[in-house]
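Order as written gives the chain letters A, B, C and D; numbering starts at 1 within each chain.
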Amino acid sequence: DPAIVFDLGGKFDKSFNESAFNGATRWAEETGGTFAEVELQSDAQREQALRRFAESGANPIVMAGFSFATPLGDVAGDYPDTKFVIIDAVVDAPNVQSIVFNEEQGSYLVGMMAAMASETGTVSFVGGMDIPLIRKFACGYAQGAKAANPDVTIIANMTGTTPAAWNDPVKGTELVLAQKSQGSDVVFQAAGGTGVGVLQAAADNDMLGIGVDANQNYMHPGSVLTSMLKRVDNAVYNSFIAGEAVEPGIQALGLEQEGVGYAMDEFNAELVSADMQAAVDAAAEQIIAGDITVHDYMSDESCPALSF
Amino acid sequence: MDLLTLLQLLDSTLRLATPLLLACLAGLFSERAGIFDIGLEGKMLAAAFLSAAIAAVTGSVWLGLLAGIFASLLLSAIHGLASITFRGNQLISGVAINFLAAGLTVVIAQSWFAEGGRTPQLAGAARFNPITLPGAEALRDVPVLGPIYYELISGHTIIVYLALLIVPITAWVLFSTRFGLRLRAVGENPAAVDTAGISVVGMRFAAVAICGVLCGIAGAYLATALQAGFTKDMSAGRGYIALAALIFAKWRPVYCLWACLLFGFLQAIALRSDLIERVLQFNIQSQLLDALPYILTVVILAGFVGKAIPPRAGGEPYVKER
Amino acid sequence: MTAPAIELKGISKAFGPVQANKDISIRVMPGTIHGIIGENGAGKSTLMSILYGFYKADKGEIFIGGTKTDIPDSQAAIAAGIGMVFQHFKLVENFTVLENIILGAEDSGLLRPSLSRARRELKALADEYELNVDPDAIVEDIGVGMQQRVEILKALYRQADILILDEPTGVLTPAEADHLFRILENLRREGKTIILITHKLREIMDITDTVSVMRRGEMTATVKTVDTSPQELAELMVGRKVLLRVEKAPARPGDVILDVQNLNVTDAKGVHRVKGISFNVRAGEILGIAGVAGNGQSELLEVLGGYEKASGKIIVNGTPIDLTGQKSDGQSRRRRGIAHVPEDRQAEGLIMDYAAWENTAFGYHHDARYRNGLFMNNAAILQDTTEKMERFDVRPPDPKLAAKNFSGGNQQKIVLAREIERNPDLLLIGQPTRGVDIGAIEFIHQQIVALRDQGKAILLVSVELEEILALSDRIAVMFDGHIMGERDPAQTDEKELGLLMAGMTGNPSQVSVKDIEENLAHAGTGKV
Amino acid sequence: MDVMPKWAEVILVPLISLLLAAVLSALVILAIGENPWDALKLMVDGALGSTYGWGYTLYYATNFIFTGLAVAIAFHARMFNIGGEGQAVLGGLGVALVCLYIPFPHWSLALITASVGAALFGAAWAFIPAILQAKRGSHIVITTIMFNFIAAALLNYLLVGALKPAGSMEPATGKFPETTHLPSFQDMFSFGEATLFRGAPANISFFVAIAACIALWALIWRTRLGYEIRAYGHSESAAKYAGISPTKIIVVSLLISGGLAGMMAINNVQGEAERLVLNAVEGAGFIGIAVALMGRSHPLGVFLAAILFGFLYQGGAELALWTSIPRELIVVIQALVILFTGALDNMVRMPLERFFLSRRKPPKPDAKSTPAVGTN
């Protein structure tokens, strides 16, 4: 049986982990299979969980989150017959598949939408922990916003520098309020549990929020402009489908592979005009076609559209 | 820094100071009666959880508030039992209560809502919503005073105003009523209270109960006003900061207000590192800002900023017969 | 026949394994002063605390004015018209006098009306009984004598008909005590009933109508005061014939061992406790320091013992010792030949949870013979302890028993054995017989005199004037941090010493109580 | 006179307290709809049923021995060091600096140097609260709590800044070099075919912890310093009389305490993670309180209590892995243990005392007392 290890936020974090969980349950429902799962409660458990699953014969073992990179590096060699899939990080081992996403592309699209929806000409971003991965989101977002409106002002804040930043809704709220006072009326969050507070604050203060990872439009209907989808669910689903045959190596999922995108549904239909949607879709095609390249912050740790 | 930014900062200060203030006053009642309480944190956390849970289930924030107070009172009762009835070590009891709350909230939340130790998001009547004070809209455009009234004074949840109101009430109760006299006396010399024909146990339990109620309100504020639901460990050390503020305030109600506003301000400014950079022209590490309340407390405790003398019988169980 | 104001029947009370009161019965008639006398630890305070509802008796009944009354707490006692002044005052130190008076007797939920009524009544009471106090003074700022007044006023304010005073004179100068007794006589005249606890025979003889004697938790006798004598009371207290005098030969003083010059001590709170005193003690003599508790004697001992800082000069055996606390501490004082029997053996002289053998090394644990490299030489200490316990007749002679399990007298013997057996040049000894029965007192006094006769210098501090008079070769009286004067015990008496203790010199007959009061209040002596 | 025999005080009271904590924990498990008996079986199986389980149990126990001893030695001086958490954080920093910046030829040298580094850093972190307590009377409990927060902020600052390898996303140092890696139980106890303790993090630090227990026992009960520490803990006024400097005792005992807490880092940082991560301490500093309370501050008691908590931790992790009982249940149990053995112990002691008092033989007639003379 396959197994999945969720990161600290837990499988009901309404974003990253939940998306992974959805992928796994979709596989279970469709195939009737069963999978083992565990929600981590501390950093120290990572290695333990991986070993326990490997010992129990689970295969493949999927883990959601870059924090698994180091423990997986230690563990993978001890279980050469077990396949591991790590999402959001790259681990170089013969039995590991690394799945990464081109978040900058999805962020670019929602950045465009933000700039177009903004009445004040100022849009903002709230990140969780200040790490290159999150800067990648912010950078893509800023590029998109600038593309839609070259005069746009972009405010970007990070919640913190430690994993606690993923779970600090109070601070998320305060950051939104600060951004509002600086004129922002659309805010994109890539902040895990903190993001819940961000969207809540946006809804409470007549701003538009933008969700992340999973489709979060439903959380505050009419107040969430869209969500930057990161199809972790697909990644998990595909790995489970492939089973023991998952291919080692690196997989990068972008717009082309439908690994990222933006969400439209009944909850945000009224917020997104046909013009907006058309512009965004056009940009998406251009990105896929290679006519637009969105700069990836992690490639050189710098961002043309935003300074941190 | 323009007025509006400043107001926004102060506004945020007030919001963040409110739970500190409530917990600080809670600690004041308890410690003035001679019962040290490092369990403020745990009580707040328990209250945050139960208030959010009940508000989520019933849809009524007021029921949530009551439930929060109830949860906090329950822990107060344990603290009272340990430190008053069984004359145990108050510090150890407080430590135990903090752990109990940290563990139980998540265990119960997980088994109740199965959302990873969280409660569902609260909305509408299940939360305390900001109130616009009369005339705020109308006066909004009056220069200077208008924005101050509209941005800073108006637009908070009822608990913020309640917390501010409790400060003078506390001062009045403590220094102008019979109850206050006895409460202070029992924290200074319980034997004097006992021989004056007043029940030491009764007074101390009363104080601990008041502490429970106030912590309950503080916790409910966290989960149903500041936030829209409970998350694991959401009290995030506020109980300890409140304790620090209490020492800073030398166990006096009005000083508590200032101390909590100061610590609230530090928290608010830590969220706005951009402002610091803009005003001071250099960057202050956010970690330093986070640690500042704690560092300040140590400095105060060291007696470099005037000695803080706790109630004399504080921390000691009242033992009549060995 | 009128009913007794108080009748206790069959009162028993145990604190864990300690039977503090055993089946005690007592009757006190209204309008009388009833004395209760007994050794330390006899159970006097316990009995009265039961009457006042502070402790609950295990067995027994209480009748007030002839009716059986339940006194589960002090509230009930107050309601029954009982007031009590405890041995250790029960005042809130940082409250004002007025606040202390109304505490528990407030008229209403708000303080203000209570305070103004209390202020009026306090004035009336003060005038009536000559009990002047400043209602707005903070209690910790006023002297012990004043604090005692506050306690009495508290009882009177609650309209007590029965007043219990637990060892009220322990903290008073003789003149203040006389004043207190006049007040008590006034109260008796008004028909109030008074119970006076003391272990001073003279006070009993002077003022009481009847007297009960307690020993080891039991009531051994109740007699009319006129029908008894101090000698008989002493026997009743101890259970056998006692010698009330110490036999000693005249001193043969030698060289100056301890020379104190212009010593000043300021305590942790910044209060100036010892104010520039100078004196010396010679080999082969006992210098007694008399004074009311809290006048700087304790601090003097602490400085000499090496655990408080001071300024001035202390010369021992010709070499000055460091007073800054930098180069010299209790350890080095011991090495210099200074031994110290502290005033409070339970809080200072012993670790109550340590076994007797561990206590024998206490303070001397760095001695070469108790040491084994980094480790302690437990075998040697044990051996030493066994020998010491035998020589000092410590009972039970079990070195492994924890100090807390010995009785007061035997605890004191353990301390004495440790300090005297060191063969010191100078022995500092504070309150040597506090809480010790008369049998042991004899023994201890003999040991002290014997040490003197071996040519050692002894500095004795005691609040018991009788003890000072009996042991000392010279007497210095301390008041408010000063030495008021030195007297030859053969040429002085308690009256003169009492006056010095109140800070006055001159002819005793010309000094009024008022002067003494003012003097003492001014001194602000603080601690009990 | 002691009311209770010593064995009752030392064994019976903590045991009954523990039992109460266990019963309440079972009720909690029952209340969330799980079977406490099954949970216990799962815990026992997961923690003690294999060398792998033991490897984790003893790993956790090693942490708790260090922090438990730290709290215990402070308790002997009647100081409540609740700063074990922060001191262990700093200990980790010491280990990391030693391991990262000193090239070692062999792990044994690395272990010795890292132990010293950990102890020094931990002790240094205890020093300021200690000196403030000794010289200025600042309450050690409050200052050490504050220092826990400050330590967290400091480590955070270093791990997102100076100590983080470039390009890394995690707030953590890089891997320590190979020569600093400690032998794990797997390395030490696998013979030929049989691989014992596979993958479990228990390592040679466990034996260092045992050595620390013995050393601390000797220190407390055999040396003059221990004598002074205990004397001060029993009575400050008496200690002053005996010429024992309170400042010295407070500072020295807290330095030892902080050093022990810091030394935990050789287990979790050097032995297990082999790099320094945020929150490596995982609350072990606080568990130390429960361990010291249960172990009655005696090194042997601490050792046994640490094993028990190691079992709870590993068993709890297994529970969390295989059932829907969250790991926080362990925090609940920990809280109950602290509550019953620390704060509510009189609840157990009082009735026991009454029981033993009632069973006592009536005292022998006192040799000194004579029949009462004349009553009225």
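Everything that follows uses one rule, which is that a residue touches a chain if its C-beta (ideal position, glycine included) is under 8 Å from a C-beta of that chain, and two chains touch if they have at least 3 such contacts.
Computed from a prediction, not measured in an experiment: that's the story for all the values here.
When the interfaces B-D and A-D are ranked by C-beta pairs in contact, the top one is B-D. The distance from the centre of subunit B to the centre of subunit D, each centre being the mean of the chain's C-alpha atoms, comes to 30 Å. The centroid of the Cα atoms in subunit A and the matching centroid in subunit C are 77 Å apart. Chain centres here are Cα means. That of subunit A falls 40 Å from that of subunit D.
Distance from the subunit C centre to the subunit D centre is 44 Å, each centre being the mean of its Cα atoms.
Residues of subunit A found to touch two or more other chains are 39, 161.
Each of the following residues of subunit B touches two or more other chains: 114, 117, 287.
Counting partners per residue, subunit D has 156, 326, 328 as the residues that reach two or more other chains.
Pairs of chains meeting the touch criterion are A-B, A-D, B-C, B-D, C-D.
By the touch criterion given at the top, residues 175-182, 184-185, 188-189, 191-199, 312, 320-322 of subunit B touch subunit C in their complex.
In the complex of the two chains, the subunit C residues touching subunit D come out as 16-18, 215-216, 218-223, 235-236, 239-240, 305-307, 329-334, 340, 342, 344, 347-354, 358, 361-363, 365-366, 371, 374-376, 395, 402, 405.
For subunit D in complex with subunit B, the residues that touch the partner chain are 28, 32-33, 80, 82, 128-129, 132, 136-139, 141-143, 145-147, 149-150, 153-154, 156-157, 286, 289, 293, 324-326, 328-336, 338-339, 342-347, 350.
For subunit A in complex with subunit B, the touching residues are 9-13, 39, 157, 160-161, 167-171, 173-175, 177-178, 181-182, 193, 196-197, 200, 219.
Against subunit D, in their complex, subunit A makes its touches with residues 38-39, 41-45, 47-49, 51-52, 55, 66-67, 69-70, 75, 78, 89, 130-133, 161-163, 301.
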